[in-house]
Amino acid sequence: MKVGFIGLGGMGLPMAGNLLKAGHDLMVYNRTRSRSEELASRGARLAESPREAATGVDALVTMLADDGVLEAVMFGDQGAILGLGRGAVHVSMSTIGHALSQRMAHEHQARGQLYLAAPVFGRPEAAQGAKLWIVAAGPPPAIERCRPLFDAMGQGLEVVGEDPAQANVVKLAGNFILASAIEALGEAFTLVQKHGVDAGRFLEIVNGRLIRSPIYENYGKLIAQKRWEPAGFKLKHGLKDVRLALAAGDSVTVPLPLASLMRDHFLSAVARGWAEVDWAALARVAAADAGLAE
Amino acid sequence: MKVGFIGLGGMGLPMAGNLLKAGHDLMVYNRTRSRSEELASRGARLAESPREAATGVDALVTMLADDGVLEAVMFGDQGAILGLGRGAVHVSMSTIGHALSQRMAHEHQARGQLYLAAPVFGRPEAAQGAKLWIVAAGPPPAIERCRPLFDAMGQGLEVVGEDPAQANVVKLAGNFILASAIEALGEAFTLVQKHGVDAGRFLEIVNGRLIRSPIYENYGKLIAQKRWEPAGFKLKHGLKDVRLALAAGDSVTVPLPLASLMRDHFLSAVARGWAEVDWAALARVAAADAGLAE
Amino acid sequence: MKVGFIGLGGMGLPMAGNLLKAGHDLMVYNRTRSRSEELASRGARLAESPREAATGVDALVTMLADDGVLEAVMFGDQGAILGLGRGAVHVSMSTIGHALSQRMAHEHQARGQLYLAAPVFGRPEAAQGAKLWIVAAGPPPAIERCRPLFDAMGQGLEVVGEDPAQANVVKLAGNFILASAIEALGEAFTLVQKHGVDAGRFLEIVNGRLIRSPIYENYGKLIAQKRWEPAGFKLKHGLKDVRLALAAGDSVTVPLPLASLMRDHFLSAVARGWAEVDWAALARVAAADAGLAE
Amino acid sequence: MKVGFIGLGGMGLPMAGNLLKAGHDLMVYNRTRSRSEELASRGARLAESPREAATGVDALVTMLADDGVLEAVMFGDQGAILGLGRGAVHVSMSTIGHALSQRMAHEHQARGQLYLAAPVFGRPEAAQGAKLWIVAAGPPPAIERCRPLFDAMGQGLEVVGEDPAQANVVKLAGNFILASAIEALGEAFTLVQKHGVDAGRFLEIVNGRLIRSPIYENYGKLIAQKRWEPAGFKLKHGLKDVRLALAAGDSVTVPLPLASLMRDHFLSAVARGWAEVDWAALARVAAADAGLAE
């Protein structure tokens, strides 16, 4: 397929590489051009603007940092929406809010373009190994048409509905579940530590015997060992996502008190200077609030 | 070993049965005498009072509903502490507060008796199948002496310290982790449902692909299917445990905002009449607060 | 002065009336035209569009329901910003977010127009009686120029800074303080009532003897008597304002846990169907969560 | 009247002094004897034990730091309950939990003694000037009999019911209202300050124009000026009272989410070393969590 790809960050670069490897004809755009060069050496063409990257393709994939960047890329002066042809499909894989996703669906429809939301679960290593879990929503024929792309980038595709924003909500709710696990571990570790029990030992018991989740294992170890860097997923992005979850709740009148609590803790973490470390550092707020030396 | 056993509830009865099966010489006491009869038919002797159940034994096991019942059993008129001999060990397996555990340690020591806290993780089926996970703390020689008992009742023994109260704190922190998972699932399910996504489908993705925990699987299904009965673990006991976790935090100056949030939701669940159903119904509060018909 | 006035709602209509009474030359615009007629009969001219209302005036006053309406009025097809002359001043008196206020400051500056934020404290009766408290921020000369307008509408002007958004933040923080009082009264009343003490009696003591605030008196009585209607200030607007307070906090990395808690309670109130009643009904959530019959 | 008085702390000493001044025949007891001497020089007799202080009096007044101290004084070896005669009345003026108050009512009744709860609102200066507000509950004849004592110590008596614990709940709910005001001011001040608005200026507007409460005025100034010492009411006592309010709620199935939030903030304040300063320092947690230098 002829594919445009915009956004070559930590996730986007390996995803685009996997599309190339699968034999797709790739046109890429990235604000920082140097990120594109390795792909160019492997056969990708380089676009000068989002618009150019979207021109003449069957599918345009976007994988960007947040709502603001995606809006600029799509609706700016040389925005991709101006290049995309009638009948072509935009596959939006960024973790964005459901409101922007709804707006995007509306704008694409008005231009006879198709739109899918297909956010992913997985860290950069999973993107590299084509092991992402892809959650998609949108018109079924468009999803079918893009299946080869999803096959090249992930280990599984989960279709959750025909309204693209549903995929965004599932992604946000999923990240909310993960953040909740971090918050719970942070508070529990602080409690047992102040009673003289080692956090790692507690983790062995509670995750090793009961929860038995690789997620708890991974975050539990990061927290117990205070390994906040390197950041697999930055705390400031965790804040962004909990904000978007709250907004998704607000839009359908769903209070999310645990998300509210975490929003405030993420903000406090940012105020303490931890925006750029791994979001596991949400747990550090619980420790600091109990006076544990950091 | 000569063992006294007090408390033949949903957990205690199968635990005592497993001690009998392993060949221990058992003297049992239960407030409601009928619960003791099946054990008597299998060879257990019946005590008339807690004191009698503790008299002449090597070890006394208690498995009671809460702090109040344990206090009455130990320190009442015909309390077990009056029967227990010097050098005998009290193995307290109930989920109780760390403060009562500390008091018990103190009282036993003053009488030349030994004291272990050894609360368990597992539901009645696990007690039946001798599949409990036992978390113990106390003087190492006392733990060693009781190992045959633990082997008969559980699939594993986790020693967390020499101060008995540490085992109680680990148990409370563990239940806090479980409750947090229920709270998070309840809020996330409400969010996705109000956006038109099926909760079971969401669970397949988030637990099936990411968390991969039998705990999330179990509670997730109960919640998605609104199966609040029969109660594996009653909501009112979940409230009791989160209260005790908060008290354990308070005693060492640890704020536990997520536990506070759940305490209030558990209380609201009790106010709505859900005290006796499964504590998975904590999730029902999130749904009700969002106006979802119950 | 030649004054344009857009937004003749429950607050705007009496405010505009007071400007007329003070002798200002008024041009008004309202989406629903019938609201303008009484003013027309007293000498106001009627504009056909926001743009027309802003054309040729010394000052344009806007008093609208929320950010969305103000944006439409200012930046729409026949938006007021297109009519306002160089050197004329826009006095934005609506309770809006600090972000929109900042954007407005920017847009007006780019066109050589002046911009003040001047939100008000007070209910419709206060607007009628020219008893509003006006909180203003912006360039001092612009504030001075508009002083006759403020004098006609309010009983006092409080200048809080030169950055217009500061006035919006003060207004939002003020409403947050008021909502907090309602939340506290709601929880306290529920507590004492379930212990058999009359809420009105409690109010007499706690406000009558200690707090001694007309605000507590007013809201305390509404809550104790369950007088949710008529709505002096609608609950849905309370939700809007707490949302904006949270956003104002987020923008400068300030967690606001009490605002978060109230956001969730306001949302739950809306989910229960109380969007249109007085925001004192925030207190009703506390009662309902404790199982008090409504 | 012949009056026993136990507890000569910052509040108790001036209260006892006012009873002396009104001509009552006073027998006092205090753990630290030196506190009693000034009263002795004015005619009070000194008791050697709580029991002695209660022997032969018409009324026994207790004014102690917390539940634990009151329990020790009443039920210890030389406890006051052993001295108090049949028909004599115990007036418990400390801020204690409703559960201890209920127990006390029960114990006194069993001995043919009378029991009133009569906690007070007011700081030491108010105690000195006989300006306390006294909230009483208990059997009406006992209240009437003690009226001369209340007249000597306070500026007003508020009777709230016949069940003594009701007075304790009203006192705890009142302190909860005050703490809520401090929490709200702390968050609002942090918000406006980070937007460049002076906290004192904000207070002038929001309290000066709207709330108009001497309580907000007092605490607002302490917070704006960071005057945490001397402590009018220690933060650790604020923590104690919010704990008791939560327990009072729990006992009648009332969730108190705002009290929970403050409990956690008070605990965090204690963890930061602020137990002994004025409870206005609850507001400091909001500032610290937002990264404001302390």
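Side notes on the structure shown:
Letters are used for the chains, namely A, B, C and D, taken in the order the chains are written, and counting of residues starts over at 1 for each.
Please note the rule applied: a residue touches a chain if its C-beta (ideal position, glycine included) is under 8 Å from a C-beta of that chain, and two chains touch if they have at least 3 such contacts.
Worth saying up front: this structure is predicted, and the values here are computed from it rather than measured.
The interface in B-D, B-C or A-B that matches A-C, meaning over half of the contact pairs are the same by residue number, belongs to B-D.
Chain centres here are means of the Cα atoms, and by that rule the chain farthest away from chain D is A.
For the pair chain A and chain D, the fraction of shared interface numbers is greater than half, so the two copies use mostly the same residues to meet. Measuring from the averaged C-alpha position of chain C to that of chain D gives a distance of 39 Å. Chain A and chain D have CA centres that are 52 Å apart.
The geometric centre of chain B is 37 Å away from that of chain D, both derived from CA atoms. Among the residues of chain C, those in touch with two or more other chains are 249, 253-257, 261, 264-265, 267-268, 271, 289-291.
Of all residues in chain C, only 98, 121, 133, 135, 156, 158, 160-161, 163, 165-166, 169-170, 172-174, 176-178, 180-181, 183-185, 187-188, 190-192, 194-197, 201-202, 204-206, 209-216, 245, 248-249, 252-259, 261, 265, 286, 289-291 touch chain D in the complex they form. Contact residues of chain D toward chain A in the complex are 264, 267-268, 271-273, 289-291.
Listing the residues of chain B that touch chain D in their complex gives 243, 249-250, 253-257, 260-261, 263-265, 267-268, 270-271.
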